[in-house]
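One chain, chain A, appears in both complexes that follow, with chain B as partner in the first and chain C in the second.
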Partner chain A sequence: MSSFLPSWIRTMFRVFWAMPLVTKLCTFWLTTIILAAIFADFIPKLADPSYQGFLFGTDVTNDGQSLHHWLGTDNNSRDILSRLIYGTRVSLTVAVTAVAFGTFFGGLLGSFVGYVRGRREAAIMASIDVILAFPALVLLLTVVTLLGKRNLLVISLVVGVLAIPYYARVSRANALAVSRREFVAAARAIGTKDRTILWREVIPNVMPTVLAFALVSAAVTVVLEGTLAFLGLSVQPPTPSWGVMINAARADLRINIWPVIWPSLMLVFTVYSLNNVGDWFRIRTAHKTAAL
Partner chain B sequence: MLAARLVRLVATILVVSFVTFMMVNLLPGDPINALVPPEAQNNQEFVEQLREEFGLNDPMMVRYANWLGDAVTGDLGKSVITSQPVAGEIWRRLPITAELALVAIGFSLFIAIPLGTLSAYKQGKRVDQSISAAAQVSLSIPNFVLGLLLIYVFAMRLQWLPATGWTRLTESVSGNIKSVILPALSLALAEVAVYTRVVRSDMISTLQEDYILSARAKGLKDRFILFRHALRPSSLTLITVVGLNVGALIGGTVVIETLFAIPGLGKRLLDAVFQRDFLMIQGITVFVAVVYVTINTLVDIIYMLVDPRIRKKV
Partner chain C sequence: MAGSGKAHLRPEGDALVSVEDLVVEYPVAGGNTVKAVSGISFDIKRGETLGLVGESGCGKSTTGRALIQLPSPTSGAVHYNLVDLTKLSAEAMRRRRTDLQMIFQDPISSLNPRREVGEIVAEPLNVWGPKNKAKQKALVDEMLNAVGIDPDVARNKRPHEFSGGQCQRISIARSLVLEPEVLICDEPVSALDVSVQAQILNLLEDLKKKYNLTLIFIAHDLAVVKNISDRVAVMYLGKICEVAGSDELYENPAHPYTQLLLVSSPEPDPTVVLDRSDTSSGELPSPINPPSGCRFRTRCPLADDICSSQEPQMQEVGQDHFVACHHPLIKVAEAPAADPVWTEA
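Entry: the complex of A and B
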């Protein structure tokens, strides 16, 4: 039966079945929130995340769980479940942008300098060390403030650009190791051009490790966005984000802790899942590389 | 060797200060806008006068040189909002943040070293697996989420500790201890996870050394071997990781000081951020980066002093 499916889907299933139970659950959770974020507008009967029913006498603020609001309402009587689902978009957009920027620019840059070595490597790594000399959150705060505008695009771009040095460092370390392997020496011995070696031999062997790092770094990014939002420096209201929700609800912590608990759980589950799946891939690629 | 390390440190500090200065001054958003009250925005003469006063009309390199010259003598300029000297603000608030960070490091080492050691001793057993699982979970809890939960449980429900605010050590020792516990715990949890892993993996490789075997053969108690023979050689990576983690810790204090309303450096930075107080942002950011870079250099030097093998190799 399985032969009817395209091979990449079969590979995905094989990888999935090889995972331990917890990692399977984590993958399932990540898939669920990604789908929920993409199709949020099409979920039937999902409340408008900004609808403040108490203004029209239809809902109560800080309401508990009910059939109408599965996770209750926040201190503006908005539906918490709906805000969680729409908030997923913010976290995932920032994470995906950071991963894309990091993998593409950081991964290529690191592979390049790790392979060519010499003066170019020294210069690029020195400038990367300068950026890494700043505590990440402090640098992020400063840049976000100075840019003034705080919408999803700006936040994603800033986090994305700041992710590049971290990826560059990881991929350089791996490129250094890969460049010392026999197959690179062999390619060089038969007169392959450096550029070809870089694209055919080095980068394909560096990328698996970079991608495993990408999952773990996505977890860091989700926390960073949550932190910025918590400080009031990420996307601005009315756009829902988990950090914004926690920040808004903490004023009423004493009366109603649930509006803090739900977005916190979303953050913790998502970060845990990314870490767990990332760790699993890292161990797996480490075994594969060792066997190379 | 030491001299080379110090020269590199000074060079890094210069570059870091230059980058911060450029960042604050080149990014869009004229700093003058923060100074001029909205009703005076159209008063060109007044705006010009202010620009002149803050030296905003000079070329960038001249301004950097002036700023750096003053900074070396301990003058980081004045806050454009409150006109307090930036350096004075940093000195006043540094002890609070330093205490918070040190207590957090203390808490995390106090928990992580025994856990990591136990984990290595029982490698692969159920205890080890539970500790690893717990570490992975605690790495996934953002510090502000943990802080809020701690406030809810220990300050609001049980009312054992204050939810917010800070009592200085000079005012009341017990008050100070009470106000540092919850914020330090919130900062410590993620560090505990990292340090436990480091101690575990270093300890596992130390325990395979021959001298551990001979200590065992002598009939020494396991506990004695673990903490007296194995811990010291296993703590080298730990020192480095603690140093590297200071960066994350400083970032963490911004969040935790805001959450617990602690008048430290991080809270001041965030206030400056909201007021677009550019000299204050610049001063604190440079100061923090310099502290971070210096700590890492110190860690490298300590590392060399502790382990003679590295001294020879480098």
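Entry: the complex of A and C
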């Protein structure tokens, strides 16, 4: 390929071409919604709920699909498509924040205890098991109520912190296996310090699996935000998120089912795509390590 | 087999490395312990090559790793230059690591798949210096050349782009860049094709001369260690059976197990042939629950009552030839030699 492109872009292209068709479509879908989430604010007045009805059409109250409102309007005459695009921000922000938090802290914690073993491992894993024994939703409700705030950042961080134990478990299991490999023994034999071994030898070999797990668990987070919205614990109306939209339209389900269908489809597509792409990466990295 | 005792150790000052009563036990599920190494002693003089031979699972790798305290043995002493390594703090041991290096059994798993070869071989220098990149590169290139790898081709590649033999060479380069005194090679060729084996063995002999190394050479096959070793120690189920100079051991095996190994070794040289109907073709007993007395007695055609009740001690049967057996094939002093155990070809 042309050498004037930076090598990471070339690598991304190579990875993309290696995907099966379905995975390509899923990657395309994820890219689209990420772009939508990033650029939603640049579409004039998209964020303004009172303007959302006019965005793609005229001020027509309409509960079905039409040329004016491609996906129809909700029961407050707001254009569903524009709300979906804008709502992507919340759903994705929660997912990305939570996943980044979990991957970073959980991944490091798990790698650490999996490498050092001993009493530190026992203590940390015991506390993690205690946290995991609580139902996550109950914990979330408690924390959100105690904090008394429900802005996007708080929700994302709470979800992220709650995800840490799961990431820690996955990465610990992996770090145990990696630490038994002979290159770790070789690093110790040449006198490398434990901290350096952890960063250079263990973590780089643990993280690919943790990242694959992260993609899959991002799906869970998107659904979780929807559930929180159902419970009225996520962002407050009129700010849209996919979960909020489902929640709001639920009451009039029998009058008009479409305002529930569209965001649900977004969720399904996104969750499916994340799982598909996550699986593909996991299998790919598994192949690579197996060959080694 | 199965002997204890230290009759075969040489005067203290003569040995560069001296191992006494080394015991390594691993706790396993169910409250049991794997008695991987049970009280072995041996020593190595500076510049000598010691072959450590025994079948799979007899504790060779465990012994090699215990020498460099990875992990430290359950008990026993490992003297290097008269310093007991088992008594050193973790940091004091780390500072000694440059002197004792080890090539691990699996050549491919010994290299981190996510790092480039150049980085891998430079890693010891990142720890111990020089840290100057140009100096590092010069040293890495020199060492890769010495092991027969073209540094310009290899530097930016990852381990999976190399064959097992090439990975083994890279591992050797990484160990030697520290200029160690002692190099422990754990079955450096058993994972490789026969044609590549000879190349690696020759390479090790060359490097030994070039860098004045003292080698501990682990193998499960006597034929592999024969030419490279000055002295050979035969292990069985966590114990040492016999220690002798390489030629002496091949010509006059004194321990029934050594003879069995010679017979099953692919080299056409030995004159005795294993009778397959014999008890000796049995399996290695469990190291969790090893046999009483001599550990080899469950497979030994000469076993009798004393073998199950008393552990044989090391005794001298010839010039620098020691065996731990109640009924050695070479009689001590002038006693008449025992009949051959295995049927003649």
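Criterion: the second predicted complex is superposed on the first by the 271 of 292 C-alpha atoms of A that agree within 3 Å, B and C clash if a C-alpha of one lies under 4 Å from a C-alpha of the other, contacts with A are read in each partner's own complex, and residues count from 1 in each chain.
Methods note: contacts are C-beta pairs under 8 Å (C-beta built on N, C-alpha and C of every residue); 3 or more make two chains touch, one makes a residue touch a chain.
Predicted model, so just to flag it, every value in this text is computed and none were measured.
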Fit or clash - chain C, chain B, common chain A: fit
Partner chain(s) touched by A:181 [first = chain B, second = chain C, both, neither]: second
Dominant toucher of chain A (residue count), chain B or chain C: B
Which of chain B and chain C A:191 touches, first, second, both or neither: second
Apex chain A: angle to the C-alpha centres of chain B and chain C, given in degrees as a multiple of 10: 90
First, second, both or neither for A:201, with chain B first and chain C second: second
Touched partner set for A:26, first chain B, second chain C, both or neither: neither
Contacts of A:141 with chain B and chain C, given as first, second, both or neither: first
Chain B versus chain C as contact partner of A:210, first or second or both or neither: neither
Smallest separation of CA atoms, chain C relative to chain B, angstrom: 6
Shared contact residues on chain A - chain B and chain C: none
Residues of chain C touching chain A in the complex: 65, 68, 70, 94-95, 97-98, 101-102, 104-106, 108-115, 123-124, 127-128, 159-160, 171, 174-175, 178
Contacting residues of chain A [partner chain C, same complex]: 181-183, 185-193, 196, 200-201, 204-205, 288-289, 291-292
Complex interface listing, chain B residues touching chain A: 12, 15-16, 19-20, 23-24, 27-29, 136-137, 139-142, 144-145, 148-149, 151-152, 156, 246-248, 250-252, 254-255, 258-259, 269-270, 273-274, 276, 281, 285, 288-289, 292-293
Complex interface listing, chain A residues touching chain B: 129-131, 133-139, 141-143, 145-148, 219, 223, 226-227, 230-233, 246, 250, 253-254, 257, 260, 264, 267-268, 271-272, 275-276, 279
